[in-house]
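What follows is a short report on a single structure.
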Amino acid sequence: MTEQPGRSAPVYPTALGVSSVEAITLLGRDLSGELIGKVGFAELAFELIQLRQPTAEEARVFEAVLVSLADHGFTPTAISARLTYLSAPDSIQGALASGLLGGGSRFLGVSEDTAAFLSDTLAGLGSAPADDAGWDDVAATAVRERRATGMAVPGLGHHLHKQGDPRTPVLIQVARDAGCYGDHLRLFEAVGRAAPTVLGRDLPLNGAGACGAILADLGFPVGIIRGVVLLARCAGLLGQLAEEMRRPIAREIFEDVERHAVYRPLDD
Amino acid sequence: MTEQPGRSAPVYPTALGVSSVEAITLLGRDLSGELIGKVGFAELAFELIQLRQPTAEEARVFEAVLVSLADHGFTPTAISARLTYLSAPDSIQGALASGLLGGGSRFLGVSEDTAAFLSDTLAGLGSAPADDAGWDDVAATAVRERRATGMAVPGLGHHLHKQGDPRTPVLIQVARDAGCYGDHLRLFEAVGRAAPTVLGRDLPLNGAGACGAILADLGFPVGIIRGVVLLARCAGLLGQLAEEMRRPIAREIFEDVERHAVYRPLDD
Amino acid sequence: MTEQPGRSAPVYPTALGVSSVEAITLLGRDLSGELIGKVGFAELAFELIQLRQPTAEEARVFEAVLVSLADHGFTPTAISARLTYLSAPDSIQGALASGLLGGGSRFLGVSEDTAAFLSDTLAGLGSAPADDAGWDDVAATAVRERRATGMAVPGLGHHLHKQGDPRTPVLIQVARDAGCYGDHLRLFEAVGRAAPTVLGRDLPLNGAGACGAILADLGFPVGIIRGVVLLARCAGLLGQLAEEMRRPIAREIFEDVERHAVYRPLDD
Amino acid sequence: MTEQPGRSAPVYPTALGVSSVEAITLLGRDLSGELIGKVGFAELAFELIQLRQPTAEEARVFEAVLVSLADHGFTPTAISARLTYLSAPDSIQGALASGLLGGGSRFLGVSEDTAAFLSDTLAGLGSAPADDAGWDDVAATAVRERRATGMAVPGLGHHLHKQGDPRTPVLIQVARDAGCYGDHLRLFEAVGRAAPTVLGRDLPLNGAGACGAILADLGFPVGIIRGVVLLARCAGLLGQLAEEMRRPIAREIFEDVERHAVYRPLDD
C-alpha cells in the first residue's frame, strides 16, 4: 500500500472533453469556437459515441431514430419516474435515473437485441447475397435457427400494433431517402418477409427493431445501442416529469394501487 | 380496501404519447406521419417539456445550449459511470443512471440555480429598467442581497477558467443572433458587470450560468432546467461509456485508489 | 497534466475495510476472526456508520428502529421497484436502486427532518430543562417558531393513522426499556404534548419521527439518518421484489394505468 | 380507453405490509405488537424475502453472511457512491443508489452465480451421493462441463487472496455449528477439492462463493441472492458515505483522475 518508487504516474487517455485554464476542447476541437452554435446536439451525440462526424444524411436519420424512440406514453419507466418524483421531488436526477433503470431486457432492449441478431447473422455470411431472394434465404435460415433455440426473433411482433407498427415503414423510408440503407436494414426487411413462412404466422416488424437495424447500419456498436435508446427516452422522461409538475397523476396512481391492496399469504 | 361501488375509474390525462392499435400519437400529432423524419430530436425534446414547438431560431439556441453542456471530461459523474460499468457491464442503464445521479447541487446544478436567481429577481421588479445602467442597478442590488445571506451568486466564477469561461460570450452571441436575447440573459450580463464592484473581485460569468439564463429565456420552467442539463449530459456519458468499452480506464482508476488506501482510525 | 516531479502520491485514509494478501480487516478488526459469526448485521451497520460499537441495549433499539421502517406496503418506492423489475428483470440492482431513489423529502425523509428539527432545538438550549413542564415550554416555543415560518412540524401527523400511529408508543417503550431514552426523544414527546395547544388541533406523533428522534439519541449524525432509513427499506424492497418474482402484479399496475390514459392537451 | 362496464377492479395481493387506519400489519402480524422490539432486522429481512421465519440458528448464519459481505473497502461501488455524494450532497439516496448499481455481474454477482451453478448441478442429480468421494465425482464432472463451455467456475479464485480467502473456512464453520450445512455447501466444498485436479492449478474457494452456497442452503431463491448481497453492501456504503462526510476523499480522487487526463484520439 506504499507507493512504489518506480511506479509511473497513471495516465488516463480520452478523445472526449479536456479542459485547460484557457480552453475547453471536445473531440479534439475547440468547444466554443468550433462546436457551440455550429453542430446540432444529436450530431454531437453521434460523434461522442462513434468518434467520427456523421454526414448530414446520417445525422438526419439519427434524429429520426431518436424521435421515434423518445416517448411511448405511460410505460413502466414513465410511471416509475413519476412515482419517484412524487416521493422525492427535490431530486429530479433521481426521478430520471429511476425511469432509465427500466431500460433493460424487456421493454427498451429490443433495438439492441435486434442489432445483435442481425449483426451476428451478417458476421456469419461469407459474402453478401446477390438479390432479395438470396437475402430471404439468409433470413429464413437465421429465423429457423433462432426458433430452434426456443428464443423469440427480436424486432418481430408488437403487443399492440398487431397489423403493423406504423413507425417501421416510415423509418425505413427515411433511411432509404438519406442513402443510409445498409445490410442490417436489408436483412431486417428480409426477416419480415421470411418470418411468416418459417413461423407460420404474421408478425409485423416493429419500430424498435427497425431502429436497432438502422443504428447498426449507421455504425453504432451493438453494445452501446441500448444507451442510444436511453438518450432518446431521456427526452421523453423529461416530458413526463414536466407534465407531472404541471398536472400530477402519480399520487392517484399510488393511491389506486394502495386502495386495491389485499393481504394474501403465500399459500392462498 | 374493497372497491367502492360508486367509485369512478381513474383517468390519467396526458398531452404526450398515446397509442391505439392503429396509431401512435405524440403531442397530439401522428408520430409516424408528422414527427419522424420531420422534426429534430432537440426540437422534440423542447416540445415534450414545454408543450409548444420552438421556432427555428429557438431550436438553434437550444441545440447550442445542449452542445455546450454535453461533456466536460473526467467529471465525478463520468468517473462514476465508468466505475459502475466496470462493476456491472451487463447493465448499461445502471452505469448511465449512476452518472446522472451526480446531477445535484454541486456539479450540475449551476444552470438551475442561476435561472432561479435571475427569475426571482425579475419577478420582484415592478417594470423593466429602461437602459443598461438601470439593469446594472437591479443586478447590483440582487448581488448585494444574495451576498448578505452568505450565499454565493450562482453563475459567477469558475474553478478553472478564472480569466473568463470561453463558452459564455459564444452562447450569448448565439442567443443574440437568433433574436432570443431576453431579460434573464440581459440581467445575467448585468450581474457580470455589477459583481466586481459589489464583491470587490473579478469573477467571470460561467457557461453553465449562461445556459441557465438562456433556458429561462426560452421558456423552460426553473424546476425542469436541471433535467435539461441531464439530457445534455446523457450524450456525454454515452460517449464516456463507449470510450470505456473501447479503451477502458476504470479498472486502473479503481486500482490506483485501492493501492493508496491506508487504514487510519477516526482519532488519527 | 504531466506528473509534477515532487508531487506526493495520494493517500486515501479509511477506518473501514482494508485488504492485504493474507487478511481482510474491517474497522481495524480481523473480519474472519473477530466479526463473522460474532457480531450481528445491524450491530455492524451501526459501527460502520458511527465507528463505535453499540452496547447490547443500543443494538436492540437500533434493530427495533430498522424493523419499524422496513416495509410499508405498496408505497411509491415499492411500486417503482416492481415496475423497474418488470421492465428490466435482468438487473435486480436497478430495481432496488429505482425504489431507493424515492427516499427523498416527501416519503422517507421524515426521520431525518425530525432529527434535524429536534437537534437544532436542543443546540439552541442553554441548559436542559429541569422537568417535563420545562421541556413542554421548549417544545411549544419550537413549534411556534416553526409554524411562524410556514413550515410543518416534522414527525407530527400521519395521513392514515389520525388517531395515533401504533408504532410510536412501542418504539418509545423499547428505547426506555433499553435505557436509551435521550434528549431528542424527550423533546419529541414534549412536542407531542405541546403541539395541540399551539396548533389548535390534535396531531399524533408518527413512527418515522420517533425513529428519527431515537436514531439521533443513539448518536447517528443527522446527515446520515435518511441513509439508515434506506438501509431498513432495502430489506422491504427485497421483500417486494421477491414477491414480484413469485406473484407478479407490476404488469397489471402498468396496464391499468395505460388503459386509463387519455389524451388531453394543456389548455383543457 | 374508457372503463369497461363489466371490468372488475384490480386487486393487488401481498403477503407483506398492509395498513389500515388502526393497524399496520407486516407478514400477517401486527407490526407494533409482534415485531418491533421482538424480531431482529436480519431475521425480518429473511422473512420478508422467504415468507417464513428463520430458526435462531438460521438467523445466526444469515447474519454471518451479511457481515462478511458488508464492506470490502474502496471497491468501484464505494468510490462511485463517494463521487456521487461529492457531486450531489443533497441527495444521499442518489449516492447510495449509484453505489448499488455496481452490483452486477463482475463485482457483486459471484454469490448469485455460485448459487446458480451449485443449484443447477444439484437439480441434475438423480439422488444425493453417498459419501465425499461421490460428491467429488459430481463436482469434478460439473467443473469439467463448465470448463468445456469456456466459462469460469464461479466461487473459485480470488484476485488478491490467492493462498485462500480467510472468510471461507469461517463461514463454513458457522454453517456447520448452526446445523445449516446443506447440499449446496457440501457440493461447494467438493468443488474446492476437485478443481485443482480438473483445472491443473490451485484456486481457493472464495468467500462470496461460500455466501452464495450458504444462502441457497438457507432457502433463498437464486434470483434474489444478488439482492441479499446488495442489502449487506448497503450497510457498507452507508459506512463509506458517513466517512466521506467526516473525512472526504472523493474530491481528491476526482482531481487526481482529472490531472492525469490526456487527450489522445482514437488512432493513437
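For clarity, chains are labelled A, B, C and D in written order, and residue numbers in each chain start from 1.
One rule holds for everything that comes next: a residue touches a chain if its C-beta (ideal position, glycine included) is under 8 Å from a C-beta of that chain, and two chains touch if they have at least 3 such contacts.
The shown structure was predicted, so the numbers you read here are calculated from the model rather than taken from an experiment.
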| Required steps from subunit B to subunit C (each step between touching chains, minimum) | 1
| field | Interface residue identity across copies subunit A, subunit C - same or different by half | value | same
| message | Of the pairs A-B and B-D, which shows more C-beta pairs in contact? | response | A-B
| query | Using CA atom averages as chain centres, what separation in Å is found between subunit A and subunit D? | reply | 30
| message | For subunit B versus subunit D, what separation do you get between their C-alpha means, in angstrom? | response | 37
| said: Can you work out the whole-Å distance between the CA centroids of subunit A and subunit B? | reply: 23
| request: Mark out which residues of subunit C touch at least two other chains, giving numbers and ranges. | output: 3, 9-10, 12-15, 18, 20, 73-74, 88, 90-91, 93-94, 97-98, 101-104, 108, 253, 256-257, 260-262, 266
| task | In the complex, go through subunit B and note every residue touching subunit C. | result | 9-15, 18, 25, 28, 51, 88, 90-91, 93-94, 97, 101, 257, 260-266, 268
| query | Which of the residues in subunit A end up touching subunit B in this complex? | reply | 1, 3, 10, 12-24, 26, 30-33, 35-37, 39-42, 44-45, 48-50, 60, 62-64, 66-68, 70-74, 91-94, 96-98, 100-104, 108, 160-163, 166-167, 169-171, 173-174, 177, 221, 223-224, 226-228, 230-232, 234-236, 238-243, 245, 247, 249, 252-253, 256, 259-262
| said: For a test of understanding, state which residues of subunit D touch subunit B in their complex under the given definition. | reply: 3, 7-9, 20, 73-77, 79-80, 83-84, 86-91, 94-95, 97-98, 101-109, 246, 250, 253-254, 256-258, 261, 266
